[in-house]
Structures are given as C-alpha cells and as structure tokens.
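Next come two complexes built around chain A: one with chain B, the other with chain C.
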Partner chain A sequence: MPKERPEHQIKIMITQVSDSLYSQLIKTYGENLPSAEPRSLDEIRKQAFERFKRVGFPTVKHEDWKYTNVQPLVNQHYELDVEPSFAAIDLNNAGIPRLDAYRVVLVDGKYHAGLSDDVSDVPGLSIMPIDQAFERLCFAKYFAQFADKTDNPFVALNTAAFTSGLFIEVGKNTQLSKPVHIIHVSAARQPVFNQVRNLYVMSAFAEAEIVESFITDDAAERNLNNLVTEIMVREQAKLQHYYLQTATSQSSYLNHTEIYQEKHSLYNNYNCTFPGPAFVRNNINVRLGDSEVESHLYGITLTAGNQLVDNHTIVDHLKPHCESYEWYKNITQDTSTAVFNGKIFVRTDAQKTNAFQQNNNMLIGEKSAVYTKPQLEIFADDVKCSHGCTIGQFDNDALFYLQARGISEAQARILLVHAFAFDVTSRFANATVREYVEHLVEEGL
Partner chain B sequence: MLSIKNLHASVDDKEILKGLNLEVKAGEVHAIMGPNGSGKSTLGNVLAGREAYEVTGGEVLLEGKDLLELSPEDRAREGVFLAFQYPVEIPGVSNINFLKTALNEIRAYKGLPPLEAREFLNRVKEKQKLVEFDAKLANRSLNEGFSGGEKKRNEIFQLAMLEPKLGILDETDSGLDIDALRIVARGVNQLRSQNNAFIVITHYQRLLEYIVPDFVHVLYKGRIVRSGTKELALELEEKGYDWIKDTVDAEGAA
Partner chain C sequence: MSTKDDELLKELALEEYKYGFTTDIEMDIAPKGLTEDTVRLISAKKNEPEWLLEWRLKALRHFLQMDMPTWQNFEHPDVDFQDISYYAAPKAKPQLNSMDEVDPELISTFEKLGIPLNEQKVLAGVVAVDAVFDSVSVKTTFREKLKEQGVIFSSFGEAVQEHPELVRQYLGSVVPQTDNIYAALNSAVFSDGSFVYIPKGVHCPMELSTYFRINAENTGQFERTLIIADEGAYVSYLEGCTAPMRDENQLHAAVVELVALKDAEIKYSTVQNWYPGDKDGKGGIYNFVTKRGICKGDNSKISWTQVETGSAITWKYPGVILKGDHSVGEFYSVALTRNKQLADTGTKMIHLGKNTRSKIVSKGISAGVSHNSYRGLVKIGPGAENSRNFTQCDSLLIGDRCGAHTFPYIENRNKTATLEHEATTSKIGEDQLFYLTQRGIDPEKAVGLIVNGYAKEVLNQLPMEFAVEAQKLLAISLEGSVG
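Here is the complex of A and B:
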C-alpha cells in the first residue's frame, strides 16, 4: 500500500500540471494588468489578480470541480490577447428564424460595430463595449460587486485581465419591444484564451429579453472562453435571458453568470446547450436580494460525442416572500457527460420562501454519464422547498408503441425526446426561440 | 391476406409459439381464444414486430409479402395494426400530433402527400364520433391519465384513423365495462369491410357477442388446437378451458 501523499506535495504536483498557462498568465499580467481610466478599476483588478494567483486553476479535488476536470484545458498553449479577425464572419449558424431582434455581435469578446445593429435611437437602451462604460455611474456601482464575491478562480482571473465584453443598460420604465440578440463568435485563427466581461443593468420597471448565441467560426483555431456576466435586476424590472450554446468542438467555455435581484423583480434564465462545444461549464447564481422576488432557471442540455457540459446553479434566497423555480433536463448521447449541481440557500431572513427544483436525466448513450447533485440548505423555519431528481433511459415500450403506428424509429426518438424536454421547453416565454430550440434538439439527435 | 405457416417464437429463450398455422382472408374476422399463457399475446406482438419476441421458425406473409423481414414501422405502413393490451402513456406527446405524424409517415411510405390540415381535422372529427372518443382527450398527451376504458377506446380511434388492412385486437375487452365494450365493438363493426380483416384475441366469449367472428381458433401450448365457427366460442364458455386442456393433453398422450 503506498503511503498517502502529504498535502503540500499534492499542491506542488497540481501546480506543475497546469504550470504552462498559469505561469504564462502570471508572467504576462504580474506587473502589467490592463489599465484604463478611471484608475479605481486598477485596484479591483490588482486584488482580483492576487486572488487568482493564490488559488490558481481548480482541480478535481475541489468539490465544485469534482466531475469537471479543467486541467487538460488549461494545460495547453493559448495566446492571451489576439487582434480579432473581423474578416468574413459567417453568422448563419446563429440565425434564429423569424426572430426580430436588435443584433449585437462580439467576435472573441470584441464588439463588432459593422455586424451589430445601431441602437442609438432606441429610447432607454444603451449597448456598448464594456470599456466604454467605465465612466458610467452604474458601472462603478455594480461592477465586480457580485461575481467576485464567489470563490470561482476564473471570475478572479476574468476581473483582473478582461479587455473586452459588453455593457447593456435598459433605462427606467423602458420596455423593449424587441429582444437583444447577442452573438458570441469564436473566430481567432490561433489558439486563444479569451477573458470576456459583461455587465447588464435592468433599471427599475424596465422589461427586456436578452438572447445569447454562442457559435464558432469555421476557420477558428481551438479557443477557451472565460466569460463573466453580472446582471443587476432592479426594483420591478423583468428580464428574460436565453443562452443558446451551439458552438463547435474547437470551442470550450467557462461561463459565469451572477444575477442580483431587487424587490418585485423577475429574472428567468433559459440555458440550452447542444452537441458541439467540447467543454462547457456554466455557473448561474441568482441572489434574491429583496422580498417579493421571482426567479426561474430552466435548462435543457443535449450532449453528444465526447462532450462535457456542467451546469452549476445557486439560488440564494436572502429575503422573505420570494419564489424560485428551477427545472433542468439532460439528455446524454454517445460517450458524453452531463453534470448538474443545483444549490438552494434559504437564509434565516427568508421566511415564506417557495423554492422548487427538479432535475431529470435521460441517458441515451450506453457509455454516457450523468452526475447530479441537488443541494438544499435551509436556515429559515417557515418555508416550502422541494427538490427531486431522476435518471432514466430511453423508454423502449414507448418507442415500440410509436413504431407500431408507422412512425420511424428516428422520428419516434425525436418525439420522445421532445416529450422529455416538454416540461422545460413549454416554459419558454418566447415562442420563436422555443421553436428554434426544438429544432436544435431534433438536429442534435 | 395473412398467411402464417408453422410459426415458432420465443421470449427469453423460452419457446411460446410452437408451430402456429393461420390463414386469414380479406373481409374475415378471426377470434383467437385460449387459456392464460397459451401464447395469444405473443402472437399479436410477433406480428407487430416487438423486439423481445424472437421468431425461430416459420413464415408470415401479408398479401404475399414477408412480414418478418420488416421493421415494426414498415409493418404498420404495410397495414398491420396492433391494438395494445396495455397502451403506453407518453406524457408530452399530444394525441393529435402523434396521429398526424403516424398518418403522414404511412402516407409517405405509400407515395402519398401529407393530408391537408382541414382534411385531417375532418377525419379526426368523423372517427372520434365512431368510438365516442371525447375531443378533449384527443388533444391531451397520449394516454396520459386516461382510464383503462379511455385507453382502449383510443386504440380503436387510432385504428379508425389509420385504416389498416389487418387489425389485431389484443384483449381489447380486458378492463372494459359493458358500456365501453359496446362502444368499442360498435366502432370495430363499422370499420369491418371486404378489404380488411381482424384478428380478435380474447380470453372471454363476451366480446364475441358484439364482434361476431367468422372463425374461432383455440390456442393452447403455442398451437391452434381447435378451429370452428362462433359456436366453438359458446362451447368453450360453457365447458371451460379445462375441457380443451384435458382433451388436447389426452390426444398428445395417445
């Protein structure tokens, strides 16, 4: 029996494994973090960088990363900042049929004015590259106020090193008549590690829909995208937020979304991932910061090939009389892996909380895997909370029943997967997006 | 229409059908009766092509075409319809959508264009009436939360919609009260024609009072051991299956 390795040796070993990118980052940014006016941001970056430097990249020994090994990803060589190649970007793969929206295109995180709609004449709507928002009052107020309080080292790295991303502000009482469609394109012709930072502010009584598509340009080299999005939903505001992950195997994503909600606000997230990107880790954290807040998190994940898709969510009930509703469905094919970790906190103050969580998994691939972990931590005593989780396989009796009526096996599978996803897809507020997602499910089978 | 010769089939390596022969002509209704475990449901499932049932010998021809070669969906498209003993509940798949998909796939197989929406809805309305199937049920998820009787009526509603050549009713009478039984039987009787045929699998004679068969066959130990007209069913009802078991086993011993 080999003796257990002492703790410090393990740490040394781990650091060595991910040495290349880590030391590249330390060397590049150690004395030279991105800087711009106002200087107040410099201090935030410096502190964040120290945090990242201290912890480094997570390993599977960290509970939050147990099933999601980032070491192979961060053990490769990347360029840290490349000039975006704006030439010949093909947006066809991000097109949502019949969706009339304000289009915003980010190429490797950088705002592409030529491909984006000019929204300067839309009352109450401001969209701009994030570095143009540094002087804004609400940037100073909300930037790094939420995501950086978590212990995700990728957030710290992002805060320290981001140079691109998007700022959106929907003004007080503004109800957007069209959704904002953000298209994230990975297009760099050399291997790249992008740090993209977004801040969306929904002012009081504002209402909007934000649809975000992720695609890979055909000519792109492999790319690792570290995105952090902070979302402030102010009093009485409503935001419908869609993630449509349709990139290709060249792309991998670390996507951290941190939402803070004020009184009487509504935030709905619809998180959809399809066959394509090699590695996707989503962290979606919602803080219900005041009373009478409502939040819905829906997820539909269809994986194939050797994909890994990990959805970590936190629903944090801080105040009384709030309602949260979470339903995630995973369908795994081939040798792919899906991870779901849903944590609900009900803090001492959060009496009369109503929290629901459900995760259902359908394993189609005999060698596919699902790891699921629902977690409830309740500190208040007058609450209604429920969670449930199922793992199952394809229902062969149902398949035969459909075939016995003349429906082909392929079509029968589509019908059954649609049926499985129905609890989630039927909740989509936007029928056009729903139709598109159902189409992507069919294509992905 | 249907010709079954020396059919052998097993489930989990256990032989259930042991040389079954049956000829069904267009326009005929054949009843298959028999004690529990005689292989009645196996016959229905083998004809429909359920994977767990392995055919180990014999042949089945539908209008001269080798049925056993075909996938379950192609059998359905060729005109075989199995009304299930236990219809499956499929939440999230709407009854109507399911029927539209099925009907159009069968039509595509025959080289026909999809049915126009209006034509389809007219047909739905007409056939719903036939089996007194509630329009509300038609719009619900497939069999989800249906009562036993509603599920069986849905099977006959589907049969009416798809207009198969050969309808196989697998214990459609089980779990039905007398009113539901009458409705189901009336539906089937209205669907009977010179161009189609039915195999009615049942344990009891009761159903055959409403769907009057041209021929009655008794299945026992995987073989048809007696064939006759509807009077055979009455005789069975009177004397019980033990009568068949005893005489057949005695013949076997001799």
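Here is the complex of A and C:
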C-alpha cells in the first residue's frame, strides 16, 4: 500500500506553476521550435512531461526531499521563458582574478555571444547554444540518456520544457590549454523560472577544465533556476569540473548533474556554495560505467543568513576495479541549513571497488541545522568502502591557543575555518580557482 | 573462491535450525481475523478493565487507517491481517502457584530450549525467567524472592490485574498507539508479555529474562513488555526467542517500552533466534518490533544490546529518547543474516536534554544471498546543549551475492553538539585468514575466531551467561563460512 499523494494536492501543485508551464510547453512545441527540433526530441519531451505530470513536485514526504521543502518555491508566480535583457550585464561578481579562460556567458540560460569569447578557432573545442546542437550525432546519442533515468521530477520537467542551455564537445585527443569558464547570470527584471539544459561531451583522450560560476545581476527579480547537465566522459578522457555558487538571495537553484564515465576516465567535481542564494539543491550523480574509472567529488558549503543548501550525490559503481573518493565539508552560520546526502552504490560483481566518502560539518550558527545521511549500498564482497561523518564546532582549545598568541578572535576563527576547509581546497587541481575559493571562504565568514 | 570455500559455504547454507521442533499441546486459539470483536475477545479473555479495552480499540481504529510504509530497504511481504489468529494460549488453567501445575509438556518444551522453569534446577538462582508460550506467559520464576525487594516481575496480564495504576500510567507513554502501523496493531491485540517495576533505589538482585516461544500455526505473536526503573534503580533484562520450523511465515510484532527515571539504569539484551526460514527463503518469522526507551530523569541510562541471528525479516530500531539532562543511551548490535534473510535494523537516539550522550556500535554480517541494512537516526534537538554521539557501523560480507547497506540519518540543530559517524564495509581479510590457517587453525574455526573478534565489542555487553550463549549461536550460524 504505497502512500499516494492525495489527488487534490497534485492538482493544486500543477495549477500553481505547471499549469502555466504546461501551456508554455504547448507554445514551445507549437510555435518556437517547430522545425529546428528533430522528431525524436519531440517524443522525448512528451514522455518526460508525462512522467512529470504523474509525480508532480515533490513534498517532504518524499525520502529524497525529506529536509528540503520546495513547495514554497514552486507555489510562487514566475514568468516562463522571458527574453533576457542583455543590456548592462555586470560580470564583475563572477571574475576570478588571474584566471585565463575561454569565457562563456549565459544570461538566464541563454547564450550571450557578445560577452562570450569566440572559440571557433580553438581546435577540437565546440561550444554552442544547445538548440544549435540538436542535429549533432553525439547529441542524439547522449541527450536524455542518463539524467532521465533518475526519478528526480525536476529532470523530467527540464527535459520536457527546457528553453536554453549549452552544448560543449571536446574532440578526440584534444587537451585544452585553458579552462572553459561558464558564467550563469540571472538577470531577468521580472520573477522568472528558467529551465536550462546542458550537455558536455568529453571525447576519448580529451582533457579539459570547466569552471561554472553562478551570479545574480544586481537589478534582477527573484528567479528559480532548474538546471540539468549531462556529462559524458569517454574512454581515457579527463574532466575537472568546478561549481562556484556565488549568486544572491534573489536566486534559487535546482541543479542536477549526471555524469557517465567510460573506461580509464577521470572525473573530478568541486562543488562550492557560498552565502547568497536562498535555496540550492544540487544533485550530482556519477555513474562509473566501466572498469578502471576514477571519480572524485569534493564539496565546500558555507552558508549564512536563512540559506538552505542541499547536496545530494550518488556514486554508482557499476563495474569492477574502480575508485571513488568523496569529501564534503559544510559550515553553517546564522539560521542556515545544510543538507548532505551521499549515496554510494556498489553493484553486484563490481569487485575490487575502492569507495571512500567523508562528510564533516561545522555548525556555527545559533539556530542553524545540519542534516546528513551518508549512505552505503553494497552488493559485492571484495570491496573496500568506508564513510565517515562528523558534526562539531570551533575547538575552544584551538581558539584559546591562537588568542593566547595575540591573534584576534575573529582572525582565529577565520584561520580555523580555513584549516577546516583545507582538506578539500587543497585537492583543487587549479591553483587560481583554489585561491579564489579560499578568498570566498574568508569573505563569507 | 576455492572449491573448499564453496563447499563450506554450502554447509553453512544447510546448517539446521535446532529449535525447529513443535510442541503438541492443547491450545485455545481465537478464530482468524481482525475486527473490533477480536479485540473485545482478547480483552475479555484477559479480564481487562474498561479503560484498557478502550485504549485497544483506539489503537485498532488507528491501525485500520494506516498505510504500510514504503521506505524500508526490503520488499514488504503481503501480510493478510485477516488471515492471522490473534490469540493462542495453552488451554486455560487456574492460577499457577507451583511447578506441579504447569503442563509437563510445556516444561519439557522449555527444557529443550535450555530454559529451566524449575527454580530448584537453576544454578545459584541468578536468573529469573518469564516464559511466554504463544500468546501467554506460562510461568514466571523467582517471583517471591524478587518481591522481598519490592521488585515486580510478572506477566503483563497479571500486572494489569494487580498493578493497574502503574500500567495505566506508563502504557503507551514511550511508544504511542499511533507510532507506526505495527505498534498500532500490537496495541490493539497484544495478548501478554512481561512487566517489570523496580522500586526506588533498588538494584535488582538477579538478571530478569523473558523467553518467547511461538508454537501454534497461523498465529501471530504480539507481546508487550513494559519495564519501569524508578529513581536510582538498576535492572538488567534479557529476552530470547525461538519458533518451530514452518513453511508459512509468521508475524511477530512486539512492543517494548522502557522508562528510566532519575539516576536509574536499564540494560536490555536480546538474543533473537526466531526461525529464519529454510535456505530457499521459505517460511520464517517476520520480526517487526518497536522498541523504545525513555531516559526520563536526569543521569539515567538505557542500554540496548541485541544479537540478531534469526527471522526471515528483521525490522526494528530499538531507540532511546534522552530527555533527562546527563542521560546516556547505548546501542550495541550484531546482526547476522544468511541464506535469504533480510534485516533492516538500527537505532534511534533522540537527544533532548543537556549533556546527553549516546553511543552506537553496530556490526552487520551478511552471508549467502542475504541483505543486511543498518538504519540509524541521531537527532539533536535545539535544547540538547553539549550532547555527544559516537556511531560506528561496520559490515562484513561473506560471499559475493549478499548485500550490506548503511542508512544513517544525522540531524543536528544545536551548535554545541559533537557527532561522529563512521562506517566500513569489507570482507574477511585474506591476510587474517592466512595468518590463522598458517598456524594450523582450520579455515572454519579461523572465520569463527575472526567474526567473534569482530563482534566482541558487542558481545562483551551481554550478561556473562548469555555472552557464552550468543557466541555459540554466532559460531553455529557461521559454521563453515569462509569468505
């Protein structure tokens, strides 16, 4: 007797946001993209929307959303798919000092050619708005192949109704000399619900760094962003992937990232969230689809004010001889809430798996809360898996030690948080990004 | 895996359940089905006061409205609640005052299980036993001796008659009728169980123990245990359970409530060896139990120790509500699953008082095609200043078709709390095995040694006599397993 959501509740939720979403969808199919989209995509969208309609927006009764209530967010009014005003976009907030990168700017999900670097002459690198990639071979091959297998209703909604996004392909044997810096700007002057869909393909033997910054324009109205990124890391390819969440309280994010890795590949994700955005839910799922694959997930979450930051990760060991390493650190201040849910799956016959997961929390705020659920599900015996989790606060002895040596209390606290974060920041492959993140940690305290 | 190992694994799978016999005894069994009439029948049979009947009926109404949860890590079997008989008792006899009046068939049953009901036969009188056969308690030993100290140790039914004020005050105060679907069911139809009250400042002079035995077919067992330790009291309590081998599944849905007042300590140990079903997963007991204690007063302590080797499905989370300041909750568990057994077990530690401490040590061992899950909740309330939790849950895998799963929920809302959680999953180390076999210890004994060492931290918490028993039980259950 599974607990069904009462019928009327579903209806209410759909009328609130998705009723207008639904009509928007009809419009999208009917007018905007009649011939640009291949038939197969229409079908995928239709099916995804059916899936979404069946489950609706999740409530806290749903195990995956137990600590994260999206109802207040989805019960507000939003415009769908507004034409972005490209005028006067200030990118200073996303500037990473001394970072030499190929810059790509997405304003409310839409590619901004004027602010983005032209990469057409970079061999082996193609970057384009996702709607221009529909005809590409690898788009057909990978789009909606991974993320849509999860039961996240926001992915289904995104697949059904995304309006913008980015496609990146790094060609075979291409090693990019500079990182790609993607800047997501929320700038709309009216309340907006953005649905952004990205697909990154790392071809065999390719190597790249992708840095994604999230910022809010000063004049922006409140906005809810539903992002889905699918990443294919092919044989022997290497991808370093950074998320730097520095938006303001006007912005809320549902950010789903689905990574599929092939033989001998490496994927590293560095997920950093700082004081600002009111609501952030990250889903980062890595599927280790072949043997001898390595994945690292690092996270640093520093929250303040009334923020809620929820990081859900899945590391899915499908094949033997793989290694995964996950380390998330949360620091909660004021009345903020941090949620961590890390799942490690080791499937039957994925022998010789090494999986490690650690989650450390510093609960500093008088009224802040930490909810964490490090979870292991293991179906093979010849494996080494461990997880650890701690929740604590400032060590008074350490504070005293530093103060006794003439360091002010505020400075001592910064030092200690710095040291706490060091386990994670020291793993950053890119020194420039590391410095920037360390600076943001200091600033956020 | 070598062929030798395979053979040993096969042996392990075929290891017989030695408590699988049935007792042929005249029974009084209620007709199948669950309605208000069933509840009234049970209540009438037990000659219960009106308030208790009302309490049961309220629980039944809740039960009928509740849905089966879906979050558990196993497929919930279809249980037809109308196809179960909710009351089974050996044919009624007048009040039992001496051993001679107990049915000799029952005495021999419990003797076969190694539970002496005859006080003279018990060495030095260190353990008092309440023996529960199907739905009712058949004999409680050493009652008189305990009475001298003011300790009340009786069947639940007797307690309702003799100490209704205590029962009324505490029944359902830790596990409310509405807590979960099986607690609601139990509240509606519970037939008997044990009741313990330790008065102020009394250190209970002997171990108290309840022995549960399911015998009748097509019945469920729904017993209820209530233990109250008044200020400064101490009691150590142990329960054991077995059932005959049958092809159909039987439901066991018990509720245990512990109340520790100021400075009191309750130590509750379980050696659970219900019939686990055969190697194909046929038959066995569904062990769906709600166990919870409350550290009501300051400086109180509740400690759960469990050794789980039986049952087709084990589903329980003995928990502690740490309400009193400076109170302590502990949970030690060894859960062994093999063949097609499933276990989803763990604990809940709810910190409410200041300076409360909890410690969780859980050791899971899975063999065959079984699945063993640890699910634990550590919750720190906003007022639980300086509370402390340490959790360790380890899993050992024997064979490549079993599963070990960990679902720890950690919720902290206080900035002065410190929590630690660690978990590991691995198989028996080849180097450890090699070390032992190289010294002339055969692989089977070596595995036993390693597992016993692995579980030692938990077994050490058991009262002496039962630690030996539990060690033997683990060894038997593990016989011939080499990973």
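The definition used in the following text is that the second predicted complex is superposed on the first by the 409 of 445 C-alpha atoms of A that agree within 3 Å, B and C clash if a C-alpha of one lies under 4 Å from a C-alpha of the other, contacts with A are read in each partner's own complex, and residues count from 1 in each chain.
Going forward, a residue touches a chain if its C-beta (ideal position, glycine included) is under 8 Å from a C-beta of that chain, and two chains touch if they have at least 3 such contacts.
Values in this document were obtained by computation on a predicted structure and should not be read as measured data.
Of the two partner chains, chain C is the only one that A:Gln393 touches; chain B does not reach it. In the superposition on chain A, contact of A:Ile407 is made with chain B only, not with chain C.
Contact with chain C, but none with chain B, is seen for A:Pro374 once the two complexes are overlaid on the shared chain.
By the touch criterion stated above, A:Glu43 is placed in contact with neither chain B nor chain C.
Touch criterion not met for A:Glu83: it reaches neither chain B nor chain C.
In the overlay built on the shared chain, the residue A:Asp423 is in contact with chain B alone; chain C does not reach it. Set against each other, chain B and chain C touch different numbers of residues in chain A, with C touching more. In the superposition on chain A, A:Leu415 makes contact with chain B only, not with chain C.
Residue overlap on chain A between the chain B contacts of one complex and the chain C contacts of the other is empty. If you check the complex, the residues on chain B that touch chain A are 48-51, 71-73, 75-77, 81-82, 84, 87-88, 90-93, 97-98, 101-103, 105-106, 109, 141, 158, 162. Taken together, the chain A residues at the contact with chain C in this complex read 1-3, 63, 67, 348-349, 351, 361, 363-393.
Of all residues in chain A, those touching chain B in their complex are 395-398, 400-409, 411-412, 415-416, 418-423.
Listed in rising order, the residues of chain C touching chain A in the complex are 67-71, 382, 395, 397-427, 483.
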